[in-house]
Structures are given as C-alpha cells and as structure tokens.
Amino acid sequence: MTRLHVVALVLSSVMVGLWLAPAHAGADREKLLNDPGVYGTFAAFALNDEWAKQDPATRIVRLTSLKGVVEQHREHVAIDLYLLRGLSDQADILFRIHAAELRETQEFLLDLKSSQFGKHLKTVGILHGLTKKPNYVPGFSDQMKADLKTISEPGQKPYAIVIPIRKSAEWWGMDQEKRAAMMQEHTAATLPYLKTVKRKLYHSSGLDDLDFITYFETSKLEDFHSLVLSLEKVQEFHYVRRFGHPTILGTMKSLDEVVELLAQ
Amino acid sequence: MTRLHVVALVLSSVMVGLWLAPAHAGADREKLLNDPGVYGTFAAFALNDEWAKQDPATRIVRLTSLKGVVEQHREHVAIDLYLLRGLSDQADILFRIHAAELRETQEFLLDLKSSQFGKHLKTVGILHGLTKKPNYVPGFSDQMKADLKTISEPGQKPYAIVIPIRKSAEWWGMDQEKRAAMMQEHTAATLPYLKTVKRKLYHSSGLDDLDFITYFETSKLEDFHSLVLSLEKVQEFHYVRRFGHPTILGTMKSLDEVVELLAQ
Amino acid sequence: MTRLHVVALVLSSVMVGLWLAPAHAGADREKLLNDPGVYGTFAAFALNDEWAKQDPATRIVRLTSLKGVVEQHREHVAIDLYLLRGLSDQADILFRIHAAELRETQEFLLDLKSSQFGKHLKTVGILHGLTKKPNYVPGFSDQMKADLKTISEPGQKPYAIVIPIRKSAEWWGMDQEKRAAMMQEHTAATLPYLKTVKRKLYHSSGLDDLDFITYFETSKLEDFHSLVLSLEKVQEFHYVRRFGHPTILGTMKSLDEVVELLAQ
Amino acid sequence: MTRLHVVALVLSSVMVGLWLAPAHAGADREKLLNDPGVYGTFAAFALNDEWAKQDPATRIVRLTSLKGVVEQHREHVAIDLYLLRGLSDQADILFRIHAAELRETQEFLLDLKSSQFGKHLKTVGILHGLTKKPNYVPGFSDQMKADLKTISEPGQKPYAIVIPIRKSAEWWGMDQEKRAAMMQEHTAATLPYLKTVKRKLYHSSGLDDLDFITYFETSKLEDFHSLVLSLEKVQEFHYVRRFGHPTILGTMKSLDEVVELLAQ
Amino acid sequence: MTRLHVVALVLSSVMVGLWLAPAHAGADREKLLNDPGVYGTFAAFALNDEWAKQDPATRIVRLTSLKGVVEQHREHVAIDLYLLRGLSDQADILFRIHAAELRETQEFLLDLKSSQFGKHLKTVGILHGLTKKPNYVPGFSDQMKADLKTISEPGQKPYAIVIPIRKSAEWWGMDQEKRAAMMQEHTAATLPYLKTVKRKLYHSSGLDDLDFITYFETSKLEDFHSLVLSLEKVQEFHYVRRFGHPTILGTMKSLDEVVELLAQ
C-alpha cells in the first residue's frame, strides 16, 4: 500500500506540468452519455509480454503517457476505464469511448497506440454501437412506462459486463407489432432488477458483426445473473443467434486506479 | 501538428527525385473504378511489433518505399487506402486495389511486401471480387430504375465499410424470377439512403469463400446503420448465410495522410 | 526423488520468514466450498517458453512468490490447484477459486500475475459461476431425495474434470414443471455414481458464455465416463447446446506438490 | 529486371555441380498426373519473419537448397509450384505433389523442412486426396460423354484455384442412381467452361477432413467465377456442407520463377 | 544415409550407460494393447522454431533425453510413436500411450516436457479415450461374429490415422436395439477391409470433447479411403456430429527411427 502511494506521488509530480485544468475537461460527458445518436466503442487491450519486464520507473513514465492521452482527448470524447485482468480471458483493460463521431474515437485510439504506453498494447477486440431513442417503449403500457422510470440505486457499481447480441433473420423479418409484444415481455422480465442493475443499449447493425451491444453495471453480480436468466426464459430469446462471445466482465476503475494497478 | 508538417517536409525532400510525374499516373483509374469485368481486392495489413520500435528517421525511409511502390503501380492498378487502426480489431491499414487482371494486383502486393515498409506488414486478410453489370436491375420497374439514378451527394465521405456476404444454397437454387422479385424489395429498401451512402458490389463466388463483397462510403454512419437495418428486414436476408465476419470499418485516407499518420 | 526433496528443503528455508501461521489461513474455506451465493472461478494458465529456460535456483525463487501470493489470499478466498500439463491441450495449471465477491478473486489473480512467477503465466481461459440452492430437488420424490444423500466414498479423488454447459433457448423457454421432470430423469441417471464421483454445480448465465460449469472429482475415471454416457442418454441432453469445449481434465495437487513439480 | 538476371546467373553457377541431368528427372510425371490411384497433396507454406531479414546472398544459398530438394525428389514425385503471396491470406507458396505413395510425399516434405530454405517455412495447411476413375460418368448420356471430351484450350493457364469440399450425410445416404442424376446436372453446368477452365478431382474421405479437393487452372478467372456460380445453382449444391474454407488462389510458377521472386 | 548411421552410432555410445535392460521393458505392453479398461492417449507435438537452429551435436544430446524418458516409462505404459511432419498440418510427432491409469500417462508426459528434448515441444493436441468390451457385437448375427474374427494380414502397416468422433443427442437418445441395428449395418460395411485395415476403438465421453477416438493402421491407404467412404453411406453416419477435425495422418516409426529423422 505504501508503495502504491509512492507511485501515485511520483506520477503526480511527473505529470503536474502536462495539463492544468482537468476540472473543465469532459464538459460534454453528460451529453455524450445520455443523448441518442452518440457512438459507443468498447476497445479491449492486452499488455504485451514486454510490459512485465519493464522496471517500475519505466512503467511510470509510460503510464504518464496514458494519462496524457486520455486527458487530452477527454475534451472531445467520454472515456471510461475497466480492469479486465483476472476476470476476462484475453484482455487486461477495456476502454469505453462515447463520441459524436467515430473519427474522434479513432483519433483517440491512434494517439493511445502511438504513445509510449500504447506500444505495449495488443488490440484484443473493438466493438462499435450507436445510441438511439427507445424503439419499442412508446408502445408499452402506461404502467410499464412508469415502472421503467425506476432509478437505479445510487452508489458505486463496481462490476461492468458487456454482452454483444445478434438476432436472427426471423426476428428482423417479423412485423414491428409482433416484435414490440415480445420486447414488452422481455422488458417486464427486467423490471425487478432496475434498482440494482443499470443497463445501456447500443445499436450495431452494419457497424460491427452484431446487432446490439448490451452494457450493464452492478454491485450485485448475483442480481445480474438472475436478470440474464430471466431474459433467457422469454420468447424473444428464441430469436437471439449470438449472445456473448465474448462476454466481457470487469471492474470499473478511475484512470488513477488503473495507473496505480499497472505500475505494480 | 507542427511535428507532422516537419515530417511531411522531410518526406517531400527525400522523395522528390524518385518520381517526376504523378500527374499522369493512374490514367485508367476512372475506367477501373467504373467498368464491369474489373477485379477488386481488399487487402488488410497489421504493422508488426517492430514498427513501433523504429526511430522516426527509419520510419520515414520505410514509408518512402511505400510511396514508391504505390506510385510505381498506379499506372496499372487503381489503389485506395484506408486507415483501420482504432476502428477494426486486427488490422491497421487496408488497400483496395482495382485491376484488369488479378496478376497485376499480385505484382503490386508482392512489391509492397518486398519493400522496406512491407517487411513490417502482416497480412490480416485478402478478399477478391469482380465487378459485373447489374444482374437484376434490367427487370426492375421504370420508377425504380429512375430512382436508382439518384446521385450520391458530393463531398468527402470519410467512412468506408466492407461487408462480405455468402448466400445459401436455397438462394442459388431458386429461379431467377423469384430472386429478382426479392432483389427488387431489397433495392427498394436502399432508396432512402442513395444520397448519403455510396455502394459498390463485387462478385466473389469461386474467387474467395464468399459470394459478394459489399463496399460502402458515407459521411453519415448513422444513415449507413439505418440502411443495414432496413436490409435485415427484407425477405432476401433470410438467404444470407454470412454477413460480415469480418465487418471492416475504416476511414479513407490519401497516401500522404497515411504516411504522415504512420510516421508518428 | 532425492532432488525433489532438496528442492522442498530449499523452498522451506527460503520461505520460512514470509508467513507464520498458515494454520489459521483459510478459516472460511468450508463455508466458501459449501454455501450457496459463492462465486467459483476456474482460471487455467500455461507456462511461457521462458520458464523452461530458467535455471533451478531462479525457478525456486519464482515459485516462492507463487506460494506467497496463494498464502496471502487464502484468508479471503478458497484456492485449489490442479495440474493440467500432460492431460489437457493448452494449459499447465488450473486454479479453482471460491470467493464471496468476484472482486476478491480478481485481486488474487492480479497479484498472481504481478508476482515473479506470474510473469511466466499466459492466461488460457477463465470461467466464472455462482453456487445456488438446488433448483429442482425440492420437487423430487422422497426416495430420490434420500438417494441423493448418499455420501461419496472418503479417500483421495485425484482426478478433476471441468465441463462447461450451455442450454438451448428451447430449454429455458419450457415451463419449470417440464424442466423439473427432465432434471429428475437426469438426476436418476447419476445415482449409481454418487459414491465414486463427486459433483459440484456452478450457475454462469450472464457471468460467462455459459449457463453452467459442472465440476467433478473421482478416483475412478471409468465411472466418470459411464456417468457422462448415462447423462447423454436422457431427454434433457437434447437441450444441451454446448457440452465441454473445453473439457478440462487434470489431477488435484497441493500447492507444495505443484511447486515441487514445476521446480523440475 | 537486371537485378533478377544477376540473381538467376548466380543461382545457376552455384548449383551447376549439384545435379547434372534435370532432363530425365520426372520421368513418371505424365503417369502421376493422369493415372487413377495417385495421391495428390497440397501443401501451403508461409515464409517466417526471419526470411525478410536475410541478405540477398544468404537467400540465394537457401533457395539453392530448395532447388536441390525439389530436383532430388522429382524422380519419384511430381511437384508443381504456385505463388500464393498477394492472392491468399496466410500462405506464400503452395506445392502440389503427386505420388504413388503418400510416404514419398512425406519424404519430400521432410527433406524440404530440413533444408536450409525449409527452416524459414511455416506449414499453413496440408490437404490430401486420391485420384480415381470417374464415378458417375459411365452412366451419363452418350452426348455428355462426347462433350466431356472437349479439350481445354492450349496455352498457359496462369491461375490455379484449390477448393476443398465436404458433402453432407444426406448426400452419401442417397442411392447411387439419385446421386448420378444430380451429378449429371452438375456436369452439364460445367460444359460451357471446359475449354477455358481445366479441372482435376481428388477424393479425400478419411485422408483428410474433406470429401474432395477440386483443383482448377485457368487464364480467364471470370470464366472460372461463372463456372462456380453455375455449380451453386444446381441441386447437388444443396448437399455441399463445406465449399472452400480455404479457397486457395495463386499463380502457377516454375521452380526458377519462384526462386527468382523469393530472392528479391 | 552414411550420416544417419554416424548419428545412430553416436547416439548408441552416448546412451549406453543410461539403461541396461530394454529387453524386459514393456512387459505389460501386450495386455495394455489388448485389454478393455485401458486408457489410450494421443498426444501430438510440434517442434518449436529453436529446434531447427540447434547444431547436430546438441540435437543428439537432446534426443538422447527423449530416448531416456521413453525407455524409463515403458515399464508402466505402452508408447507408440508416429511421424506426422509432412502429412499433418500443425504437428510433427504423435505419441500413443496406453496406461492402466491416466496418472501414469500424465507422469510420462510431464517427464517428457521437462526433458532437454521436451523444451522444444509445443503441445498441439491431446485426446483421451478408454478401451471397453464391444458394445453391440454380442447382439450381432453368428455369421457377422465369425466374419469379424478375420485377422488382418501380417506385415508392416506403415500408415496410421486417428479420427475423433462425436455423436448427436439423437443417437444417444435412441434405444439400444435401434442403435445396435445401425451398428450392425455399420460393421457390415467394414468387413471387406478387415484384412488390410486394422482398427481400434476408444471411448471418450466425458474424458474429452468427443465420444470416440477411432484409430486405423494400414499399408493400403486407398483401402482405408474406401472403408471411410462405405461408412459415410450407412444410416448411422447421419448421427455423427463430428468426424475428424482433426484427422491425424502419419507414419508409424520406431523410437530409433524418430531419433534418426529428427537428428537431421
């Protein structure tokens, strides 16, 4: 622990001159996270074998470049970090990036890869989606619309899960009314978990080999498991051709936490 | 930014003696891009780990060899470049090559691999197709034929997407009339997007593990997503056995832009 | 053999100052192994090529770090070790970790990877599940409930097998009664093997690309084979979409045994 | 170009003492290429990363060992070479080897791998098949038998394509008569292309994860594409479970041409 | 050839002091190869890139360690060797190990991997099965029982083929009588090949992602191909979900032959 604090101190002093006002960085973060028409990218990376061989001082210098790149782009894109190591198979860290244009996301990831830290990153997977206004909710019953307004309990939700989904041609070939009825059953199955499991949906058709990316945050993984089990039991699930593969499970971390953990 | 301009200047001075008249290079480009009976190849490459370790001067020398090879072959084949890094999983750059004969494409790619720059390239994937006269359009209604003449809006379309497609035995086993009717429904679904999404079709049966390569350019990714969603809803989609895998998403770049970006 | 004893002696002397009371480590082990609501993680690793090149003295120092990390986390999580080398394709060792929270498992695996020994580990696969109260047993006949109380024969069960399972949408779409009837047939098929094959079930929906992880211990692999063959013959097996892939087969080892084997 | 001639000269002088009478090498080549009961092997290799780093003189020495091995075995097996680089994803060169016994093929490939050149080769894929007398032709109409005698146009056919095929259990379960009827329809679809596309069939059941390897040579890739498209439209295609994966596309080269190209 | 003899001589002199009585090694080999209840393991390895870089003297020392490990374990397990290089894609050698307990197989493979030679081996695949008394034969007709007693022709059978098989849930869900009738048809199809193709069956359910491993030896590969073709045509084949993947094809070699070949 003491060692970590030393690392943090060193990092602070090394970086103090690099940026001055992180306070007003990320001005549009709220809009990017809540508006429709925003692109969401999940980029998972593994650290290469050479990372483990660097001495602590070199690591700190390189992690400083990570901080620099993230802070520099935070004015334009919303960046969240997750630690996958120990929970997912092939990747160590995951970036979730929200941007008004995918070009901005590409610019961030290009700078990340070109940085001193980025030279140690192997791209494991990149998924793209787009936020949109709710598709089926307008046709739901008033009661369900009211229920859906349940706000998730405040407080830290340390676990994040990303599940890509592809639906079958049969699903897309059905008329909107039939799909809406099934989505209402699907949505009803989620109501008991609104308080403890936060959800966000991204539409991916054409942008990736997917139709949707579903993203979850929770502090109660058991509730999340029960939620997925409920979703497997509704009729709509018969039209799901791919669910997961990969299922990405990690813990949310601040940039400083990731830096401290990787400095070890 | 300033650093990029320095790079560009250095590159210019290094290369000035290598070729003199890029102006009349690519004389047949228009024909290759518009005629039927032309072979189109999509070749995606990743930069190897050693690239990141080269110092800037070495990179510039090697990128000069890339410029040399591209310029040398541009008289025979039409070459377009795309930056995939940050948007696609495994590849960094994509070449789209149009040629009257696949041998010419092979010669270009052989020279590329043998160049100083090519030593850093790992081949991620190569897809081949052939342009042909429209198959079903002659049977379409006059109204649809007129609609299809809509010209896409001028201006830069920075995003490019490549989606390989394989159809089922059931599709090919149906008679031409039935297929034509479904293709008319498919084509109707694309009409609202003709202005903002440019499309090009390559036929691949036998040349690759595919039946088609579909290529798109757009500045409005959201429109492209809506177009794909519309195509998933028509009857013809039930006969699509493979759609994507990979879906290749990148941004169009000039050779100079790619050189500048990779010099960093 | 003599050489192994020397290794063990050296290890003992090197490590004697690192921890003092392994006796009360793992106080909650029994609870973690028997309670519902506990997370079980199966993490398989391969030793990298450099491990084989280390001289014995270096190996012993690095294995000491493995012992240190395991002992340090044993207060919070229950850790079991298995030797896969020679029996499974791609991995050399397997850790089974039980924890009240997956964060604790992640912390252990992070420390493992950061250790001197961990630098030689490549993550081959990680599977997560959750223990739960029996789902269908309450509805079983009294006779079967009594039969299920059969206790497995005491004594060492050197072989362990891990088989991940995914069920079809059809399975989850059936009503609970129908599934219970099939699970009763499934369970009846397992009764002849209760004495020689120990089983444990983990629920994974949402936590991984799986619905269940089934874990077995036995000293009679032939009985285990007969058990699986019986399970393939019941009706419930028609609803199994994935069985194995991978099937992980190994032998249970104490930490000291693993250290001795890898020191060679 | 001049540089290539120098390379060829150097190679000639280096190798002149190694073998004297390539003229009577390959005495049985015609028999091996035309008889039934001959084993055909397609072995695709990639050059490893170290190849690109060798200086030209070293390359020439190593390519001399390639020439040596090929010439030495040509007395027993028929060897053809193809350049895949630039046209196929993962491989650079392809050997097609015909032999009376697969042991002879193995001996050639063992010597190839043990040679100075072979140390740079990574095996990408090996496919085995067996030539047999035509299965269904005896039952065809006299007209079709006559048509099948069409001889392919003389002259170089630079492109070669290899497509592995697996048929379904349904296909093999049908009686011979039904299969013969469908094969007659299949064969009729190929008649228009007999002149420009040369075909050869290898039977693989049991020798590989395939039922057939189909091999094509053509100078008109567009005709080959049309041929495959025609084959996708006949009833027999419904019983094809695997078609391609990989589809291997390359250009036929003499040993000397391959040596010259790889010397660069 | 002369060089090989030198190698053999050197090997003999190096190893003469390591073991004295290979004569009574493998006392139980006959029992292990013929009894039911024996575990059969197929372990395929590739030589790593560094092997090709070793000088001949080093190779010989390392191959001596291979001989040592095999000879040491031959008292407990029956070990057969096969050369895959040149005939199979990814592996160079295959060990078939028969043991009364899989632990003994694991001990052999652990010692193999820890040996000087083993450091050059990459594990490509490991398959496990169990020999059992014939399942369906007791119900066959007397005539077929008599036919099955045909003994395969004596003499060397240089080729060996390993084909893993998984059957469908439909197969296992059928009653024993129906399966027996289909297996009688299956067995009848094999009768013409009993003389030239030797077969051995291993049961794998639960021990691996397979139901069976089928193993063949023959000197007439064409007969083996005809046998597999016959088996594809019987009704039972409709219930085969996986056949091959991989199909492993190699030539049987003595330990000394493998040592000589790899010393080159």
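So that you can tell them apart, the chains are marked A, B, C, D and E in the order they are listed, and the count of residues begins at 1 in each.
By our rule, a residue touches a chain if its C-beta (ideal position, glycine included) is under 8 Å from a C-beta of that chain, and two chains touch if they have at least 3 such contacts.
Everything numeric here is computed off the predicted structure, so don't read it as measured data.
*Asks:* Both chain B and chain E are touched by which chains?
*Replies:* Chains touching both chain B and chain E: D.
*Asks:* Indicate the whole-number Å distance between the mean C-alpha point of chain A and the mean C-alpha point of chain B.
*Replies:* Centre-to-centre distance between chain A and chain B: 30 Å.
*Asks:* Based only on mean CA positions, could you tell me how far chain B sits from chain C in angstrom?
*Replies:* The mean C-alpha positions of chain B and chain C differ by 48 Å.
*Asks:* In chain A, what residues contact two or more other chains?
*Replies:* Residues of chain A touching two or more partner chains: there are none.
*Asks:* Could you read off the chains around the ring in order, chain A leading and chain C following?
*Replies:* Beginning with chain A, then chain C, the ring reads A, C, E, D, B.
*Asks:* What residues of chain A sit close enough to touch chain C in their complex?
*Replies:* Per the touch definition, chain A meets chain C at residues 49, 52-53, 83, 85-90, 158-159, 161, 163, 221-222, 224-225, 227-229, 232-235, 237-238, 240, 243-247, 249, 251, 261, 264.
*Asks:* For a test of understanding, state which residues of chain B touch chain D in their complex under the given definition.
*Replies:* 37, 39, 43, 48, 101-103, 105-110, 113-114, 118-119, 123-126, 128, 130, 169-170, 172-173, 203-209, 211
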